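Below you'll find the structures, each written out as structure tokens.
Each of the next two complexes has chain A plus one more chain, namely chain B in the first and chain C in the second.
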Partner chain A sequence: MFLKDGVKRRTVLGMAMAAGLAGGMPAAQAADDIVLGGSIPLTGVFAFAGEGIHAGIQDYVEIVNNAGGIEGRMIKYVPEDTAYKVDASVAAFNKITSQYDTNFYYGDSTGFAKTISPELDRKGTILMAGASFASELNDPEKHRYQFMAGPDYTEMINILLEYIADENPGAKVAYVHSDTEFGRDPIETSQKRAEELGLEVVETIVTKPGSVDVSTEVLKLRRAQPDYTIFHGYVLAPIPEFINQAKQMGMETKFMGTFWSMDNSMVMKMGEAGDGFMGVMPYAYYYDDSDDAPMLEKIREMRPEYQSTAYMQGFLTAMLMTESAKRTLEAGKELNGDNLKAALNSIEDFDTGGIIGVPISIPGNSIPVGRIYRADMSQEKMVPASDWIRLE
Partner chain B sequence: MRIGTAKETYRHDEALFDTPVQRWWLAGLFVAIAAFPFVADAYWIYLGCLVAINIASATGLNILTGFTGLVSLGQAAFMGVGAYIVAWLEINLGTPFFVNLLAGGLGAGLIGILVGIPSLRVKGLYLAIATIAASVILHFVFANWTSVTGGQSGLTMPPATFLGTALDQPDKLYWLIVPVTVLMVLGASNLFRTRIGRAFIAIRDRDISAEVLGIPLLRYKLYSFALSSFYAGVAGGLWAYFFRVVTPESFPLVMSIFFLAAIIVGGMGSILGGILGAAFMTMVPEALKLIVGWLSPWLPDAVALLSPVRTIVFGALIVGFLIFEPRGLAEAWRRLRRFFHLWPFKT
Partner chain C sequence: MTDWLLLIEVSLAGIGSGGLYAITGLAFVLIYKATKVVNLAIGEILMLGAYVFFGFSAGLALPFWLAALGTVVVAGLLGAGIERTMIRPMLGESPIAVFMLTIGLGSILTGTVELIWGANPLRLPEYLPNQPLFLGDAYVSSKVATAFAIASVVVLIFLALFRFWRGGVALRATASDQAAAYSMGINVPKVFSLSWIIACVTAGVAGMLVGAIGGISPTMGVFGLSVLVVVIVGGLDSVLGALVAGLFIGLLEALAGAYLGGEYKTLATFVLLVVVLMVRPYGLFGTHEIERL
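For the complex of A and B:
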């Protein structure tokens, strides 16, 4: 009996090991697959966005592959979790690029994008985009093989400023930003732009990201009496606390945010106080039906439940990557960093199927387009407050 | 089985590696380390370098926390000091890497002495908090001394060069990082055969008794801080050469906790413990990712579904080790060795 059991156990163990070994090999890459690797933050502080990005890329890749791929070549998406740590992201990059001939890569942070940039230059075979909209990356000379599927942070603030200058010329503006690289990114450069537009920057407040007690900062804001207050460098806290306290003090300032604090689920967490919260969004919201948007309809068909703005970001990034691969292959050229980037830069008046409501062009590393949305708490939705604004 | 290792002299008794078998194994290990970059791909070489950097820093923390009994949560900030010094020197003066690394280590060591001053008065958790305070101050300096540190966007540096060759790839940097780490680890092992190292242990075991024995506490505690920070500084310098971008966010407080966890899991007060702990903490998350990868043919979208599970498993493994192997991985290793000492007569 014992022997029988032992044999059984050994057989099962052997089978498990064989299965493990078989699975241990990296899933085979067909010779002509186009590979999109990704350092995706599926765990850690940025997981809320990572999950959306992952789903977005996955869905677009599925759409393309179901339609027969690009010139018959399938796209293979190879994600790896990074927990939003630069060393893990670089590890993932090395792992994926040593296992596959990678053509595209999605990076999860500004730190990673800066770290891997020399390696991208050295390889010269990969075109990369990512979750970072850092102004620093929007430099086609310095970051040759990178782009971002939207406006950089400075451009986002500039879109807000254009809207303000249009709505309320000569208005007073205050900035509230976090004490991080992300938070400080657009502040100095966009202050210049505000002056050019005839707006007055009356206060700049720096806080820790996620700080809880902001009462002294709110008092400072009240003394400055701005017409508009722009938050940047936060995901949620301390924005709701700021708005609550300011409203209790009877302040009339209009609060605004940038991309990462603008997802529907984030804004709705602000509760009643968030009503009227505005911000710049480069993509249409999942439920937006203000424009004709076949791609949004397709997304709603594939996923009946709400998808975050990070999903749209991932989706559009995959779309632009695919488009540049398509253009490169159509021109009969090899898929390498230079050709893919040139193909990406050749994109002009491109229809994204409604992900961005106007035709887009990518002359450099960014897409300087966005729209102002406003929170409508009665509908629990973000509704358009302006038309699409394109920076010249 | 272990035979014929009678120790006839004190010198033999004190030797770092005391049996021929052990020396053979060690030689084998060095051969394996040297052969590694020729057989491994970029990913594994990258991880090898990362493990080596973490071992260097964990060994430094082990000197301070494991051997001298002074709990510190400032290791990451000291690494930051070393990294910034190395990056600054490389960018502005272009001095050779060994000069920069030494300067990074010495600079961090000096800061370490400053931070260590309160250690004469405060111990245990209180000291841990004091070192957190010091690391907050250092982070503030990193973020705001813009003319030197480049502020929030940090410093981007050129690669190290050796005889005209740029060490810009993990497979080239391996030959810088691993030998430096091996030297540092051997140095630390030898330290505890000297008066200074034994004084550290005496302070850890009972500081009042140590003082009665004639060990000047402040001086030796500061030695320990200086040495530990020197290790962190050099490790930080290697880190800087490895990633070539140093920002205030590169060395967060969790990184200090990571190193503390590494020496606890590995075994405090044991050089081998620092090595095993750093390797465990760096490699287990990657190994778990590999397992998740293996499951992907059967489980669609395994990466997304299992990533949170992986984090939980990693946490559970650490807790498991603390419960079942409280003296760390080094103790498990010793037990394994003892088993073979008597094998096959007693199994």
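For the complex of A and C:
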């Protein structure tokens, strides 16, 4: 009786799919299919993102296949639910790669990406991307067969810092991050960048994972009086309560976030307190019409209801994977890890159809581009607050 | 120079959040005291309470008091149901088996919530006051202060029930000596049931408060783990222990967070746990059972 229709339908669909997958769908692979396997978190704590990622990959694969595939070869997307657990993710990887000649793989976490990296090196046949933007993975020598469809976490914060330095030179900045690997990732490295840009880092506040009350942390923040406060390592809680209490105290700091706390549905849950919340987003929002974006129009046509930023991430990842397959096949080369990665790195000034508003290049493992968006609660939308910022 | 205002503000914040630990700890202690079951699902019951409140207040758009009342009723029924169908058949089985059962129960409750409401974090409708509150110059989050006040009222009702109500007296009697309680004509299974009902209602109320401050998600059951530390420090079978340890750990976490950094909060709590266990293995206020051969 308390069911929210949308949620229920999605959940049931997700479960049905997970059940179908677990039951073992017919493992039909045409001889020349290009296989994209995926450890997708359709259940568990990361399900909100997994559902979007899954839909995004599915849609892009459908677009390519409907247009005749790549050089006549169809793409076969083989997902498996992992509940966002590394062991389940590794099991899914082993299962999929043993059943199919896998060319691409989507991993669901930093933990998985690090765990499977030696195996990718050993196989040398797969190019992998995933949900993690960990700075550590942005190392083409250590993680040869991986990439991320956006800036890494350090680059995200650096984009925010560039924006701040431009808007308010010499501003005081504070970081608030969770005491997790995800939360700690960009803090030290980006502090250096802040200093280079002439910004002053006045406070770094660490919160305990799962902590409910953040009063103490807000009190510390008030004493530091920053002009900007950057959150990292959260999806939603405790950001709303943090902003709420800070506003109660009369603080005028501007609050900012990074990718995973920036989805429209999450920010809108902050309520009034979230008005003006800013953050870095590597992709255009579903409803964004500020740039000419044929691909966004296509998405809106395929799915008339709002799609999350995780959807865009999955969609773009699939786009970049297919682009590298296309380039490899056009050059008459074999589809293996080295050739696919070389093809990916040859992408220069590539038009994503508006998913990212500027042409992109992928010289290494990441795409250091993003834009600052700001929450406008009256429209219930995230609106652009800057132009696209490209890190040099 | 010592910043006294900060110290006072931090202490107030700590005591405020300690109130939430105390009330949840109480739910834990009550079940242990009456039935000797270590209920590890208390965090998940708290979570379910928050979601049921969400269902009534956001889903069905009921007014706050009706949604709260509905949550209390559902939590009570849940407690009765769990006790009757899962715990009572386990009477006489090894404590480890019952302990494992409560872990399984927690997992089932999380799964149920994910099925009905999905895995995404959500926000409860704002029902706690949101105006800034100043005690003198010291800022106190009005939400935390209100939650603390509600928790205090619940605790007082609790203590009054224990002291004056027949059922409460029967509960205390059963806790102190089951066999004697039986022989005095107390319906012990009914007392067991009662303890689960009251504990689940308390956890449900705690869920509404915790959710109003920190938001709700299927993973908010981890709050129960922090509370486990509270009740071990206070003494598993001591109501007073849960109250004192709850407030104290809230205060300790706040001070550690403010003066050492957020990464030291857990460390401070567990250091306290280890020290208390070394000095008083049965907790600060727990019963020291002497086994005579």
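Everything below uses one rule, namely that the second predicted complex is superposed on the first by the 364 of 392 C-alpha atoms of A that agree within 3 Å, B and C clash if a C-alpha of one lies under 4 Å from a C-alpha of the other, contacts with A are read in each partner's own complex, and residues count from 1 in each chain.
Everything that follows uses one rule, which is that a contact is a pair of C-beta atoms (placed from the backbone, for glycine too) under 8 Å apart; a residue touches a chain by one contact, two chains touch by 3 or more.
Keep in mind that what you see is a predicted model, and the values were worked out from it rather than measured.
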Mind working out whether A:V90 is in touch with chain B, chain C, both or neither, as first, second, both or neither?
first
Once chain A of both complexes is superposed, is A:S98 in touch with chain B (first), chain C (second), both, or neither?
first
Name the contact category of A:R223: first (chain B only), second (chain C only), both, or neither.
second
Determine, under the contact definition given at the top, whether A:D351 touches first (chain B), second (chain C), both, or neither.
neither
Partner chain(s) touched by A:K114 [first = chain B, second = chain C, both, neither]:
first
Look at the residues of chain A and decide whether chain B or chain C touches more of them.
C
Let me test your reading of the model: by the given contact rule, A:T180 touches which partner, first (chain B), second (chain C), both or neither?
first
Quick one: is A:K269 in contact with chain B, with chain C, with both, or with neither? Answer first, second, both or neither.
second
Who does A:P79 touch here: chain B (first), chain C (second), both, or neither?
first
Is A:T43 touching anything from chain B or chain C once the two structures are fitted on A? First, second, both or neither.
both
Touching both chain B and chain C, residues of chain A
43, 47, 179
Taking the complex as given, what residues does chain A use to touch chain C?
1-4, 7-8, 10-11, 15, 43-48, 179, 205-213, 215-220, 222-223, 235-238, 240-241, 244-245, 248-250, 265-266, 269-271
Chain B-touching residues of chain A, taken from the complex the two chains share
20, 23-24, 26-27, 40, 42-43, 47, 51, 54-55, 58, 79-81, 83, 86-88, 90-91, 94-95, 97-99, 111, 114-115, 118, 122, 136, 179-181, 184
Note which residues of chain C are touching chain A in the complex, please.
3, 6, 9-10, 13-14, 16-17, 20, 52, 54-56, 59-60, 114-123, 126, 130-132, 139-144, 210, 213-215, 217-220, 222-223, 253-254, 257-258, 261-263, 265-266
In their complex, what parts of chain B are in touch with chain A?
41-43, 46-47, 50, 143, 151-154, 156, 159, 168, 170, 243-245, 247-250, 285-286, 289-290, 292-298, 301, 303-304, 307-308, 310-311
